[in-house]
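Next come two complexes built around subunit A: one with subunit B, the other with subunit C.
Right after this comes the complex of A and B.
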C-alpha cells in the first residue's frame, strides 16, 4: 500500500551541504530546501546551485522534495525557479508571501515554461503557496484554488505576526483566527494544509501541545526546523488503536459490500458514506506508516 | 607467513621476538591447556615492621626501585587528558640518564605528546600501549621508531602482564589518594578519577610499585583499590593532574541528530534481537551514538518493565543515571569516564570497581565480559567482512585506541557497531579496513543512518528481524549506496616498514600499522 502524507516538512538551509545530503534519513515525510530566509543575499547563487545539483545527483529515497524559492518581488525569483525546475526531480515549489491568485499564476507560468524547456512531465511540479500576510489570509481560498498545481497551502507564523504588528507567542492566540481561516480555505479547495514551525527546539512538550492544537484545527502537517521535532509530531498525528480498528472495519465492510453488490453499508451502527470511507483509508494508511517507523 | 585474515607477517621481529599469527578469536583460548603456560613469578619483596615508604623525592625512589637501562616502566591512563604523572616521571628518568626503556602505559592520550622527544633521545626504545594520539601517533606512523609499537586491547594487556609476555620492572601508579602504607584508591582527593582498574594488574605483577599521590590521608585509606602489600614506595607530588581534563563534569548525550537516528535504530534492533529482557547485561562506549544507544535502550527497558543484571565497561555518569532509574542492578567499572561517576563509585555498593584482568582477560578462569549479552561499539572504518578499525585515521596515522573493542566484541553475544556511513566526505564503510583491530567474525551488526547490515553468519538474527520494519540490507549494497554519494577517495600510500603490531587479545598478531609515505 502506498500512502502519501505530509505530517512533517523539514526545513534545511540551502547553503548547508552537510544537512542537505542528510535530508532523507531523519524520517520526515517531506523536506523543504530553503533559498529564502535562511540564506544570506550574497550566498543565494551558491545555495541555488547546491540545491539544484543535490536534487539532480543525490538519489533521495522515499521523501517528497520541495524547495522554498525567494519571493516574487525578489531579483532571485526567476533564476530560482528555472534552476530548481531544471534539476528534474522536484516535487513542489513553496511560494513565500503568496498574497493573491495572481502571484500563484506568475509562478505557474514560469513552471510551465521551464517544465517544457527541460522536457519534464507537464504538471508534475506542484505549488505550495505560503500564506504569511494579512491580505494573504483574507484571500487564502482564492489563493488555494488558483491552480491545479496546488496540492497544499501553508501558513508562515513569523512573517504573519510581523505583518500584523504583534509578537508571536508560544500560545499563538494571535494567529488562531488566521490558522482557522487558512485551514478552512484549504478544506474548501480540497488541498493539504501545513502549519508553521515551532521555534523552541528544546521544548518538546510545547511542540506536542501545539501539534495537538493544530491537528484539532484541521492541519494535515507541520513544518519542522530540527530533526528532533519529527518524531513527536508523527506521534501526535498517529491514530489511536481504536481509530485504526474502526478504519479497517470500514475498509473490510466496504470491500465486502462491493463484492456483494450492496450500495449501503454500516459499521458500528453508523452509515458509511464516501467522506467517511476516505477518512478510514487515511487512518489505515497512517497506521501502516507508523508501523514502518 | 600470513595470518587467518590474510595479513602478511614476518616470523620474527628484532626487539619483539617470535610472531604468532592470528588464527581466529578463540583458537588460542581453546588450545591454551596444551600450551601449558604458567604465570611468571613476581620478584619477592619483604619488609621489616615500621619500614618507611613515603618519600618526597621521585629521583631517590627511582634509584631505590632498581630500574636499569632497557627496563620496562608502566603507567595507567585513568587521569586521561589531565595526566601530569607520566611526563613528570619521564623528565626525571631522562635527567637520570636512563636509556632504551620500554614504555608500557595502559594507554596514551593527548597529555603525552612529549614522548616523541624521549624516543628521539633514546630514553624510550619501545612503546606498548592501547592508544596513540596527536603528534605521537603521526611520529610513529611515519616510521620513526626502530622497533614497532605494540597495540593491545585492555584485556590483552592484562593477559600480556599475567602471562609474563611483558614483565614490568617498575609500575608508576598515579594515586588520587594514598595513606602512608600505600593503600590506594581513585575516589578521593583533588585528582579523583574513579576506578583504578587498569593499574590493579600492574600493581599485582610489577617487580616494584611506586605510587605517586597528591593526597596523602590518615591511615587507613579506604576503600582500598590497591592494597599496601603491593606498594613499595609512595612519592608525594603537588599535582597529579589537571582535574578539569581528568573528568569533564558529566558525560552529556550527543545533540547530533544523525547520532540519534543511528542510536534509535540500534536500540530497536537490540530490542528485537532475542537478547533483550530481564537480566540482560550491557556495555556501551561513552561517545556520540554509542552512549545515545544506552538512552534509547533504557527508554525501551523502562517502557517494557525490564530490569537488566549489570552494565559494564567504562562507566559514564549517564550509565549511573540509568542505574538510578532502576534499570540495572549493578555496574562493573574498569574505568570511570567522567567526574560524575566518582561519587557513585565511592558511595554506591552496587557500583563495583574491577581490574582489567577481571574485566576482559581471555586467559583467566572467566572475565566478566564472558557473560556480556550486548555491546555497542564505534568504528573509524568497517569493511564488507565486518572487520573494524578504531585506531588508524583516514590519513593513515594512528590516532585512536584499541581499548576494549576486540575484547567485548569477541565475548558478547551481540556486537553492534554504530557509525555514520561517512564522515565529512570520507566513507566509513570500505572494502578493507586500513588496520584490523576487531575481526569481522566477532561483529554481528552495523547500524548506519542509511541502513543496517547484519553479518550473514548470524542467520538467527536475520530471522528475528524479519518483518520488524528494520530496513536491513546486504553490507555490499549498503556500501554501494554510500559510494554513490561519496565516490571513491584516493587511498593513502603505505611503505613496507611495519610501524606497529596489532596484538589480538590472545597474544597473536592480527594486523600491522604500516608506514605512511608522505
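Right after this comes the complex of A and C.
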C-alpha cells in the first residue's frame, strides 16, 4: 500500500549541492527545494540550474519533490518555472505570496505552457500556494479553490507577521486566527494544509507543543528547516493505538458491508459514512507509515 | 560561440566546485581537486569539454576547482558560468 502524506516538508537551500543531493535520506515526507529566501539575489541563476539538474539526474526515492520559486513580481519568476518544469520529475511548485486566485492562474498558465513544451503529462505538476499576507488570508478559500492543480495550501508565518506589523512569537497567538482561517479554507476546498516552520531548531519541546496545536486545528503537516525536526513531528502526527484499532474495524466493516450489499454500517455503535471512512483510511495509512519508519 | 568575459560559478564548500571561465580562441580545460585522484581530474576535464561542445562553446579557458562534486553539480555550475560569461 502506498500512502501519500505530507506530515513534514523539509526546506533545502537551493544553492547547496551537499544538502540537495542528500534530500531523500532524512525521512521527510516531502522536500522543498528553495529558490526564494535562502538564495542570495546574485545566486538565483546558479540555484535554479543546480535544482533543475538535481531533479533531472538524481534518482530521488519515495519522496515528494517540490520547489519554492520566487514570487510572481520577481524578475526570476518565469525563468524559475520554465527551468524546473523542464527538469521533468517535479511534483509541485510552491508559490510564495499568493495573494489572489489571479496569482495562481498566472502560475497555472505558465505550467500549462511548459508542460506542453517539454511534452510532460498535462496536469501532473501540482501547485501549493503560500498564504503569507493579510489579504492572502482573507482570500484563502478563493486561492485554495482556484485551480485543479492545487492539492495543498500552506501558511508562511514569518512574512505574514511582518505584513501584519507584529512580531512572530513562539506562542503564535498573533497568527492563530490566520491559521484557523487557512485550515478552514483548505478543508472547504478539500486540499491538504501545511503549517509554517518552527524557527528554533534547538527547542524540541516547543516544536512538539506547536505541532500538537496545529494538528488539533486541522493542519495535515508542517514545513521544517532542519532534519532534526522531522521525527518529533511524525511522532505527534502518529495515531494512538485505539485510533488505529478503530480505523481497521471501520475498514473491515465497510469491506464486509460492500460484499454483502449493505449500504449502512455501524462500528462501536456509530454510523459510518464516507467522511468517517476516509478518516479511518487516513489513520490506517498513517499507522502503516509509522510501521515503516 | 565564445566566452566574452570572465565569469565564475559555484563554491569551495564540500560536494561543490568552483568553475572559472575566461575568453580564449580555443578550448582549454584544467581541473584540480583536493579530494580526487588525477584520473578523476581527467574525467572532469573530459566531462567539461563534452558539456562545452553541447552548449556550442568553441572558445574558452576553463578552470575547475573540485571539492567532491557529483557530475550533475559540475554540469549545473558550468551551465551557470557559461550563461554568465556570454551575457
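Convention: the second predicted complex is superposed on the first by the 293 of 293 C-alpha atoms of A that agree within 3 Å, B and C clash if a C-alpha of one lies under 4 Å from a C-alpha of the other, contacts with A are read in each partner's own complex, and residues count from 1 in each chain.
Note that a contact is a pair of C-beta atoms (placed from the backbone, for glycine too) under 8 Å apart; a residue touches a chain by one contact, two chains touch by 3 or more.
Owing to the predicted nature of the structure, the values given are computational and were not obtained by experimental measurement.
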Tell me which partner A:21 touches in the superposition: subunit B (first), subunit C (second), both or neither.
both
For A:227, is the partner it touches subunit B (first), subunit C (second), both, or none of the two (neither)?
first
For A:58, select first, second, both or neither according to whether it touches subunit B, subunit C, the two together, or no partner.
both
Now for A:49: first (subunit B), second (subunit C), both, or neither, which partner does it touch?
second
Shared contact residues on subunit A, subunit B side and subunit C side combined as an intersection?
21, 58
In their shared complex, subunit A is touched by residues of subunit B numbered 257-258, 260-261, 449-450, 469, 484-485
Applying the document's contact rule, which stretches of subunit A touch subunit B when the two form their complex?
21-22, 25-27, 58-59, 226-228, 291-293
Looking at the complex, which residues from subunit A come into contact with subunit C?
15-18, 21, 45-46, 49-50, 52-54, 56-58
Complex contacts: residues of subunit C adjacent to subunit A
9-11, 13-16, 69-73, 75-77, 79-80, 83-84
